[in-house]
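Next come two complexes, and both contain subunit A; in the first it sits with subunit B, in the second with subunit C.
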Partner chain A sequence: MAGPMRIRAASNGTETEVKVLMSHEMETGQRKDPSGALIPAHHITELTATHNGRVVLSGQFGPAVSKNPYLQFRFKGGAKGDKVTVSWVDNKGDKRSDEVVVS
Partner chain B sequence: MKSRKYAVCLGVSALALMVPTLPALADATSDGIAHYRELLAEGNPAELWEMRGEELWREARGPKKATLEQCDLGQGAGVVKGAFVTLPRYFADTKRVQDLESRLLTCMETLQGIPAAEVAATPFGKGEQENIEALVAWISAESRGMQFNVPTSHPEEKRMYEVGKRAFHFRGGPHDFGCVTCHGDDGKRIRLQDLPNLTQPADAARGFGAWPAYRVSSGELWSMQRRLNDCFRQQRFPYPLYGSDVTIALSTYLGVTANGAGESIAPAIKR
Partner chain C sequence: MSRFSELLLSAVLLCGSPGAAEAAGHFPNLGRAATPDEVKAWDIDVRPDFKGLPPGSGTVAHGADVWEAKCASCHGTFGESNEVFTPLVGGTTKEDIETGRVGAYIRGDAPQRTTLMKVATVSTLWDYINRAMPWNAPKSLTHDEVYAVLAYILNLGDIVPADFTLSDKNIADVQKRLPNRNGMTTKHGLWDIKGKPDTKNVACMKNCTSHVTLASSLPEYARDAHGDLAEQNRKVGAVRGQHTGGDGDAVATVNPGVALMKSQGCSGCHGIGNGIVGPAFRDVAKRYKNDKDAESRLVGHVKNGSGGNWGDIAMPAQTQVSDADVTALIRWILSGSPEN
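Let's look at the complex of A and B:
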């Protein structure tokens, strides 16, 4: 199972900036191992971010995204103490969801 | 973005090839590389290792089911903050100078009962070595922004500094290379990589003070021991044993040279 994400969320009063580091292999499915066999694709396919339960970002990820991806985005609103949750699902059905309190 | 990242690297190194004939472009290239590094540093995945390392420190593990919280990194049992910038140093219990990694081996063996020799023989990035990588990420991060202050008061510390200095300047192997061949002059570069002049304090602080580091090219966190191993390879020397005296001597030489000359930014992000 993938390790926890590192999420930071900071509000400036009008907007909240979210920075997310994800721990994931993001294997493209194009590479070969030393014996020449194809390494199967293993990457995040969907990512969702919610603010106090409301979806503020929903994205589709694929093999072009780097290993251990970093994502940064802003949404309108949000205040100190609110909750931001980031979740992803990958092509093998693994899931991960982590939460952070807005500072 | 694997494919795109690769394209960027190719683009920049194509420019680098033109540098000798176009000095004005050299600055633009270095600026471009610096900007690329800045963008990378924003989301340095080393933080993922830091998180894991902090957990591992407090996790009861090994045959003795103990945590590392009583490990003495030189600042007293359990003190992590500031330890990284004062290593390598002499430890009275082992009667030898140790760097962070060899000291962790001691703590894992004595506190947790995990055999040091087994860990030392494990390939980088696997098993207990993976745990060491997380631990060094967190431990070094706890000294982020602090100046190097590697001690030289104990006779063994002085000796290791002198041995390290000699090892650094020792040339041999099929190309008659020494560390000094690649790291003994200002302003050198191999392809995209600036080569720090590790004989000079500011560069030593910048170069030594960046590792452990996350390597974007492989998506791994490299410890200082692994960094040194790769430089032995580039030097066409055999790999040194993990945690062996020559690696500790080299780190002592680099650390002492870096003293007071810059802040530790480890774990940094590297190409």
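Let's look at the complex of A and C:
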């Protein structure tokens, strides 16, 4: 099971900047282990970020994204005390959702 | 380590209060004894046994705020940035925290060695942050802020939980969870005079090696990681260091005359636009602008040496430079020393 995401969200009054560090293996499915066997793919497929329940970013991730991905984005609006939630689903069906209060 | 610190300690004791008074007697009119407050301000080191650690505490949450304001621009919000410095955080696992040895470090399969993979004593982190950070304003953090920032870094490495408060009381417990705490070795020459030395130099009186062969070199992909090394070397004396800029555009546009001049060590004494020990190349070109015989005469000056034309310091004969190179250099100089 993947560890918690680290999220920071800061508002400057008009825009909110969100930085996310996910903890995920992001195995491409094309690498081989020392014995030559393929390591099965294991990566995030869908990522959603919401602001007080409204979706502000949704993305499809694939094997091209690095291990422990770092994501940074901005959206209009957002004020101190609002809640930003980031959640992902991976190709094995694992889910993770973490929430942060905008500062 | 113990021997060294004992020596240091006895030296410090010697310079202590009786010694200080004595020193004033030995060297009249030369300085004065440092006051206890001055010594206190200077003596900020924190040792692995936490001797010298000032009391205080800081939470991970407070550390995150300080981090965002003063640290994140270079180290990244999560200590992950590789832009300015190598990453602080990453490459450590729960297992490493259990064993005290970093697996990725032993196996060498981490893409890069991070601070948390390498550091063996948490006191080092505290000391370094307190002493040297932030880069542009060292020693500007309060002690509590140093505790807080350190707590934040440790939390990023999953060494302490997010609601942790780091203090002088519990920092010893954190040391017991540091991923590479058992990774420090002292059985080598750097620490122990009887240990295995870092270098091997065999003294010889006969059958000595007549020429040096390079045993290792920078790998191709890493050569320009820190820019052109030769350019960063001192300007006095022969130019040392390899050009490591790769085949980038900036390098490709440099005039071959410049490269030849640098490779032959001319820039030790001559600048292109400024005189150093010898005259600037452009001053030479200016003086001999309308002199048709200048080329052959200057070639002779380089090969055989010359003096008295530009100042008191004579130019030694440069017999190691080939005729073709000398001619090329002089033509480059007389054409106004174009840099690209």
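Note that in this section the second predicted complex is superposed on the first by the 103 of 103 C-alpha atoms of A that agree within 3 Å, B and C clash if a C-alpha of one lies under 4 Å from a C-alpha of the other, contacts with A are read in each partner's own complex, and residues count from 1 in each chain.
By our rule, a residue touches a chain if its C-beta (ideal position, glycine included) is under 8 Å from a C-beta of that chain, and two chains touch if they have at least 3 such contacts.
What you are looking at is a predicted structure, and each value in this text was computed from that prediction instead of being measured.
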Determine, for the superposed arrangement built on subunit A, whether subunit B and subunit C clash or fit.
clash
Could you say whether A:Gln60 touches subunit B, subunit C, both of them, or neither, answering first, second, both or neither?
neither
With both complexes superposed on chain A, which partner does A:Ser35 reach: first (subunit B), second (subunit C), both or neither?
neither
Scan A:Arg6 for contacts with subunit B and subunit C and give back first, second, both or neither.
both
After superposition on the shared chain, which partner residues are touched by A:Lys19: those of subunit B (first), subunit C (second), both, or neither?
both
Is the number of subunit A residues in contact higher for subunit B or for subunit C?
B
Touching partner for A:Asn68 - first (subunit B), second (subunit C), both, neither:
both
The intersection of the subunit A residues contacting subunit B with those contacting subunit C is 3, 6, 19, 21, 68, 70
In the complex of these two chains, what residues of subunit C are touching subunit A?
64-65, 68, 77-78, 80, 90, 156, 158
Complex contacts: residues of subunit A adjacent to subunit B:
3-4, 6, 19, 21, 23, 26, 28, 63-68, 70-72
Touching residues (chain side subunit A, partner subunit C) in the complex:
3, 6, 8, 10, 19, 21, 68, 70, 103
Touching subunit A in the complex: which residues of subunit B?
1-5, 42-45, 47-48, 51-52, 216, 219
